[in-house]
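Next, two complexes with chain A in common: one pairs it with chain B, the other with chain C.
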Partner chain A sequence: MPTERANAVPAASCEIAPLLRVEDLCVDVAGEWGTVRVVDEVRFEIGRGECLALVGESGCGKSLTALALMSLLPSAARVAGGRIVLNGIDLLSRPESERRAVRGRRMAMIFQEPATALNPLMTAGAQVAEALAVHCPEAARTRRARREAVLAMLERVRLTDPAACIDRYPHQLSGGQRQRVMIAIALAGGADLLIADEPTTALDVTVEAEILSLLGELRRTAGLALLFITHDLDVVSVVADRVAVIYAGRIVEQGPSDTVFSRPLHPYTSGLVACVPRIDPGDGPTGQAGRRAPLPQIEGVVAQPGARPGGCRFHPRCSLGRDDRQCREEEPGVTRHPGGREARCWKVEP
Partner chain B sequence: MTLSIAVTDPGMSPAAEQRSLLRVEGLRVEFTLGGRRTVRAVDDLSLTLDAGGSLGVVGESGCGKTTLARAILRLIPAAGGRIHFNGHDVLASRGAALRALRREMQIVFQDPYSSLNPRRTIGATLAEPLEIHRLARGAALRARVGLLLGRVGLSADAAGRYPHEFSGGQRQRIAIARALATEPRLLICDECVSALDVSVQAQIINLLDDLRRERGLALLFISHNLAVVRHLCDQILVMLQGRAVEHASCDALFRDPRHSFSRALLDAVRGRRRVQRGGAPPSAGNRASEG
Partner chain C sequence: MRMPAAQSGPFGGRAWRRFRRNRAAAASAAGLTIIAAACAAGATAWRDRAARADLSRARTPPSRVDPFGTDLLGRSLAVRCVVGGAVSMGVGLSAAVFAVVLGLAWGSLAALGGGRIDAAMMRVVDIIYGLPYLLIAILLKVGLDGLLRTQAGLSAGGSEVAVLILAIAGVSWLTMARIVRAAVLSLNAQPFVEAARALGASPWRVWRAHILPNLAGPVAVYATLTVPQAMLQESFLSFLGLGIQPPLPSWGTLAAEGVAAINPVESFWWMLAFPCGLLSLTLLGLNFLGEGLRDALDPRG
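Now for the complex of A and B:
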């Protein structure tokens, strides 16, 4: 249960009215264990032009949170509570037709593997044109105007030689080019918020750097806000203003990305940071020893939904909480900390 | 892009070359594209790896890393060059001699979901290489399977279960156990931690490092993750368009990369900080897909 403090004024460092406010979002999935809550009272805000990263291990609820925002949950899953407020509109209280109008026009999503997200039977240009036709039909009535609008979109995502790429099929494009086309499609409707689910995981580091640079440019020039879902902490520390760490369906720590990673509050965050090998040993935020010393590990695995432990959900894997009575028996609430930070842990001094 | 002069100096004396477990010289692998067009996926590539050593192979997708691994294992034919393993000529080996070599060289693949047979129990999967190479049978076979599971941190009762009952990290442990079954001297890891969460990745990296130290297992570690390579490997080979553009000790390469492409790779990772500030990231240039 969130403490009273958590229900007070939102702590985020954004404008008076954030672009997106998610309040106590819960998602239930009907599965072999019966109905289980896979996203549990998740709350965060994203301001205009801001980037929030959602990080955690597989199975913690990152992608389901994103799909819930887009109303794209698979049929076995449903939103069981909470509010999603975009631009002042409470999406969950509106009919599907209205949410459909928001999807693509106010917020859009890109996925990890652009090769499977694109239609292999349509050219890149045709897929961008389709998105334009759906979201702003008035913009391009003639064939020539359509083509020019598509070219402008492809230029906006910094595709080299858009005139050549426009008539190519996805298999004729590289991974980086495909992801740029995906971004062009996502932005065709003029979205203010882009949800990016592991957008660079399938890409080479050099291409990844280019895509991250493009997203940064779109934030600065167009005020695009980003919800960036990833398990790559190095990427987070670069792209995100703020980070929310999610474990077993709950946000366990949230705050500005530089301080969260340099001085983690929650033991899970510390564990995640410590177990990533550093390209320049000694440069790591924890100052860990150089290579050859074994990497610090987080013991065990994420508890399956339906088999989650009582008390703090992280306690069986936590060096501080494993043998602590309070950690084993009572679930900690959210506590606030200086610098716009919050954590859900008994061991963090308020 | 312009390629500066290739640096291929792992700092090996002729005597050291004699000691090396794996020596690849001028390897070429070609694929036919239909018609008379061919792609040279691995082009005049040379490398050495000592017994108990660890060599990281890095480069972008499509640069020939996996093709190199497959050619070393004789899973695909080479068009030219030589591969020496423990004094044997790999490319010239046939029949029983080749089977004996394969016992000594094993591979772990990237995707632990597709590399295990979903219809065989873990025990049957681990017993298979032991049976093929006639290393154990009956009770001894079952005991060996139990030992293998223990070595990778799984309990012996895993033998009776199926792959779908395990998480990604556990499956990768099983794939490593299968590779270890024949007691190889060389383990090739093809992006074997790329699909795993960072927490599980750390566990697998530590396991591989333990195996290398305890059993003198040589690692050929293919990865696009430079930080993981730096943590795990002594030597590093940078590939670009099928060629080795730099072969150096990890310390030397990370301190002072000689080839422009090695620098571009390092900058792409280190320069992520600059990317955020809007500076143009270093470009790797255009990679032609054809040789």
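Now for the complex of A and C:
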């Protein structure tokens, strides 16, 4: 795993009052067999210009957390508790019209699959123009003003040949270009916080590197804060200052990304780190030259929301906690550790 | 990809070329335009001639003077067919427009409202769907007739046509509502609609700029198929004497007169053949047109 973080912003950018503070957020989903809590007391903070990565397997609740922040939860899901404090205002206590005013203007979101996240019937330029029209209607009075504003946005996201891209439909653009257009649309309102829901998962590696570099540059030049949701640990180490690991709806570890991955506290985090495949075929994971060992896995499967184990949610898959009475029966609370780290585990020494 | 943008949009050159290749659809489009133009022109020019009776020339077969022959009262059938065509197509088109607008609004509101609103609105559709349409059309006609005459102050003839249009629209909007609801539900789940909400667009803007254009395909197809349906219903109601009243001609009333003239002594085939023939041709053309549109606009094609 690369250890350099060329696109990271130094930690000193965190200020006293964080831009976003999420406190004990709970999201319930109504299903056929009753209501299930898929996001459970999630708590994190993001400062101005900071990047927090939210990491976890599929189905652990990271996307629902993002949608809850944007008040875009599907009808079957609702926020069951907690606070979402953006710039000192608790969004959950505000009416829907205020929350809609926040979307795009203070907090924006980009999605995983740029091919489907752009309207196939509108040109790229028209979609950026729409975003501008929603947030700065005065700047879009004349056609020329609109076109110039759109061009400026597309240049800001470093799109090559923006004038040609304006009149192209999404299916005529490459994956990287589409993702840049989506970022341009998201930032048209001048948001301070960008929530990126697996933005590079659908892109190939070289394009992914370009997009990550673009996001890093936007953080440096515009002080953009980033909530980066992903299941790819390599991307996290490149782009994020801090990382929060989610398992079965709960954050099990949180801290600066370099220390969380180099010295994980929670067994799930160590398992995730061990799962990342190494590219050199010569060495196995144990370092023995010339042998290809099978990929290590974490045993078992993620607990389904309706059928979570008692005690620590991870204990059935944990080598330390499988046979431990405390792990089986009592759910661990959050313990703080030096270096700004937290973990939910009975087996970690404070 | 360096295609010029204008040609490669979803409604651009590709769809048009597909449409033109479907010869039945293209021919229908051409034929319908001719019929519609002829009827529109004829109706304005010959409005009074349609009622001009000349008993000395009653019941004459097609000749050079009267290309379609004359009817019981000596009125030129050709003129009456042309004017009747304008009436039938006008009623059919107007009813279809109302039906499309109502179905679009109802289906969209149900799909976007969700939950109980959706269930209630679609229950209404299901109930009306289950009733015999003739009954509803008659009830609507009886109910609206008095209302329109007193409130809107329309003339007797005008209110009759208006009521007929509303009655036909009142039974034709149901399928459109169901189609629109299904389409809006599936569009709502699309990532780009979610992305539009995420940038802060109001629900109205999301519907107008993102959902509505994507509805244009299915709506256009079913609108084109609603017109022949409405025309057929108008003809049927007029045939039964519940629609257009004489002396205003429509293809339905002309067919009724043709049927009434059937007797074992003498054949007045032209009185039945021409109105029914024109009606059939028009309906067939509209159906081909609708199918051609559906094939051309199918994005998977």
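Note that in this section the second predicted complex is superposed on the first by the 325 of 350 C-alpha atoms of A that agree within 3 Å, B and C clash if a C-alpha of one lies under 4 Å from a C-alpha of the other, contacts with A are read in each partner's own complex, and residues count from 1 in each chain.
One rule holds in what follows: a contact is a pair of C-beta atoms (placed from the backbone, for glycine too) under 8 Å apart; a residue touches a chain by one contact, two chains touch by 3 or more.
The model shown is predicted, which means the values in this text are computed figures rather than measured ones.
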Using the superposition on chain A, decide if chain B and chain C clash or fit.
fit
Applying the document's definition of touch, where does A:Met70 land relative to chain B and chain C: first, second, both, or neither?
second
For A:Val301, using the defined touch cut-off, is the partner it touches chain B, chain C, both, or neither? Pick first, second, both or neither.
first
Which of the two partners, first being chain B and second being chain C, lies in contact with A:Thr206: first, second, both, or neither?
first
Identify the partner contact of A:Leu272: answer first if only chain B is touched, second if only chain C is, both if each is, neither if none is.
first
After superposition on the shared chain, which partner residues are touched by A:Val235: those of chain B (first), chain C (second), both, or neither?
first
Going by the contact rule set out at the top, does A:Ala186 touch chain B (first), chain C (second), both, or neither?
second
Counting only touches as set out at the top, which of chain B and chain C does A:Phe111 meet: first, second, both, neither?
second
After the superposition, what is the least C-alpha distance between chain B and chain C in whole angstrom?
7
Under the contact definition given at the top, report the residues of chain A touching chain B in one complex and chain C in the other.
none
Touching residues of chain B toward chain A in the complex: what are they?
60-61, 167-169, 197-203, 205-206, 209-210, 224-228, 230-232, 254, 264-266, 268-273, 275-276, 278-284
Of chain A, residues touching chain C in the complex:
70, 72, 75, 100-105, 108-113, 116-123, 130-131, 134-135, 167-169, 172, 182, 185-186, 188-189
For the complex, which residues does chain C have touching chain A?
1, 3, 5, 8-10, 114-115, 190-192, 194-202, 205, 209-210, 213-214
Please output the residues of chain A touching chain B within their complex, sorted ascending.
57-58, 175, 204-210, 212-213, 216-217, 220, 231-235, 237-239, 271-272, 275-281, 291-292, 294-298, 301
